[in-house]
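I have a structure here, written as structure tokens, and I will follow up with some questions on it.
For clarity, chains are labelled A, B and C in written order, and residue numbers in each chain start from 1.
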């Protein structure tokens, strides 16, 4: 079990932090005492074999974990120093600040492209149509989808290709201006071309957001992430700069995984 | 590989297949199944044959005329068609929102231990026979409407044509209300099925955007299930249109149509039920009643076909759309 | 920074929950009211005489019973079942096991049409076929009308139960050399018997309460009947005729009949569900 990366930085640089985080599905413990500090305005990847708890971990970061029946979490998760699991915090607020993109693209099929992106804004009570329109365009540009849909914003949200749907979901998440963007294996359902488009856009997202991406594809982590965390069987095994993890890992388990000797 | 397909191809190869025990069994099942086709054909033809006398006599006036005069052989069924449509509309207006609320509660809000028993209780409503609904309507609902609800409606909204008249409790409002209650099990059960078919990834997408539960339900669930719910309502409409006994017992049986809910009226089903034995065999009167049955049959057919198409469309949407 | 009014949204959330719960009550209250009414007014009528005596004359203080009506209902239910259940089961078998063709699809479609028919239209048809010109209202005409209502219910539940039987079961039997027809009758049918029995029992519960078709075909008779070619009294029609009459003793009898009918139907509906709880509870049967 390791805490923090190898660099010592002041706490202000840590956008999110977990402190002895544990999570269960019923009686099965998926995450064991994970403590890590995630730096803001960069991309952190979480890698590990299937079942290691990486998806569960990020779902704890926006309190989506508890949506699953019989799921619970214990421990502290800090966003800008405040515990998101404290009693007086409403998960609804957290999810606005910590957005999520899922593994399988899930745009709302009965809504248009425009309405999909606008959904979060309207749910938050924003009524200013001009503002919404500007915000939709801004988000679609950030998600590198604007050029492809600008002439057909009223088209069905599910009528576009898989890669475009995923970028639509990214735009939808960005529209409400979150601070952190969680991505749960966002490219695993996509072809290589769509994947590389999304990896390119992750590079650009770093400028405004903190990105945390779960991936089972080590090469992807090496390509896009500044920091990488390796998990195994619910525990955080190693966490440091990506270069370090891939070229000179400290833990034997990490090295075994990187070199493909299991998982 | 579907066993049944393989078997069929093997069987077709043999020209004397019908004489084998397998062939005979299949033929036997097919024969009984064809009874269904036969029955439908017979129903249509007997209804047509029985109404031909009235069709020849009244022509188009049957559906646009409002005079129903047995003694003078004038049969205009418009008041009853209007009565059916009006009471069914009330049933939909009141029953569908309640059904959707029930479906939402059971599908999205109820704790696990409540879901099954409560769903079952609502289904019990469907087991109560129509005639008992009517009987309860006469003795309990009527009193309640006559003494509390309708005077209130009359006093406050009496200026509207919908609420004029004397509150008696035996009127179109009572009929519409009972119909609303009777369609709740159907519409809510189908709506529940349709909501259950909404993939969880849709709910998660909405929640992850910071939506409250209510926003998630309106946006992700209802939006997705819209056409299915609409289809469920159409099927509920079908039930309301065809309902006989409960309506007959509380609608007041007046052979004219008025817009006021508080006035008695008559529906297509109720006029048949009330007057069936009054008509002499083979008379024009009887033929007119049969023709009403024919019109009812036609309306039901259209409603059911539309409803099933809409529910089917929603299921195909789910399978075809995302991912 | 996007900031919505969280307080208002949470209020809407609570309101939505309250409204949904209100709808549930709106649905439950009539049911409870009906059950209470029927039981409170009807149960006191129960007695040995009630179930065995002949129908009372109107208006007199003369006690009576619904014996003939119960027998009449039994007649029509039995006739209806004798016709409707076999047709329903075997057409369900056909559509499920052999129906992958235009004929099977038509049968399935028309079964749906049949299930949507208003019961009064079924009554008109049965009247035209079996009453008109054949001498008048009879019990068997009523039974026939009820069978038309039963067929779609039984057929649909049979078809769906059989479709749930895994193909491996069929293949195993065929691979042992058992002919197709025996496989279907013995193996497949028995595997799906829970759903089929449920369908049959629910169809009986359904027709036990049907009044409109009986009103048009069986008519009414205040006497005890032994033949099925005569009009007879039946419970649902009794409730209608006595319940809408001005005579107090008749109205009381109608409540008693309603109570009996409701208990009968609900026991069937609840009982069959309990018995077949879980999709493959066939081991219990």
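To be clear about the criterion, contacts are C-beta pairs under 8 Å (C-beta built on N, C-alpha and C of every residue); 3 or more make two chains touch, one makes a residue touch a chain.
Owing to the predicted nature of the structure, the values given are computational and were not obtained by experimental measurement.
Two chains share more touching C-beta pairs than any other pair, namely B-C.
Of all chains, the one whose mean C-alpha position sits at the greatest distance from that of chain C is A. Averaging Cα coordinates per chain and for the whole protein, the chain whose average falls nearest the overall one is B. Chain A and chain B have centres, each the mean of its CA atoms, that are 48 Å apart. For the pair chain B and chain C, the distance between C-alpha centroids works out to 17 Å. Per-chain CA centroids place chain A at a distance of 54 Å from chain C. Among all residues of chain C, those that touch two or more other chains are 9-10. Shared interface positions of chain B, defined as residues touching 2 or more other chains, are 212, 215. Contacts with at least two other chains are made by residues 92-93, 96, 120, 123-124, 176 of chain A. Listing the residues of chain B that touch chain A in their complex gives 112, 199, 201-212, 215, 219-220, 223-224, 226, 317, 321-323. Listing the residues of chain A that touch chain B in their complex gives 62, 64, 67, 69, 92-97, 99-100, 102, 104-111, 119-120, 123-124, 158, 162, 165, 169, 172-173, 176, 189.
Contacts from chain C toward chain B in the complex involve residues 9-10, 12-13, 15-17, 19-24, 26-28, 30-31, 33-34, 37-38, 86-87, 90-91, 93-95, 97-100, 103-104, 106-107, 110-114, 116-122, 124-125, 127-129, 132-133, 148, 151, 155, 167, 170-171, 174, 179-181, 184-185, 205, 208-212, 215-216, 219, 236, 239-240, 243-244, 254-255, 258, 261-262, 265-266, 269-270, 273.
Put simply, chain B touches chain C in their complex at residues 2-5, 7-8, 21-22, 24-26, 28-30, 32-37, 39-40, 42-43, 46-47, 49-50, 97-102, 104-106, 109, 118, 120-122, 124-125, 127-136, 138-140, 181, 184, 188, 212-215, 217, 238, 241-245, 249, 269, 272-273, 276-277, 281-282, 289-290, 293, 296-297, 300-301, 303-304, 308. Those residues of chain C whose C-beta lies close enough to touch chain A in the complex are 1-6, 8-10.
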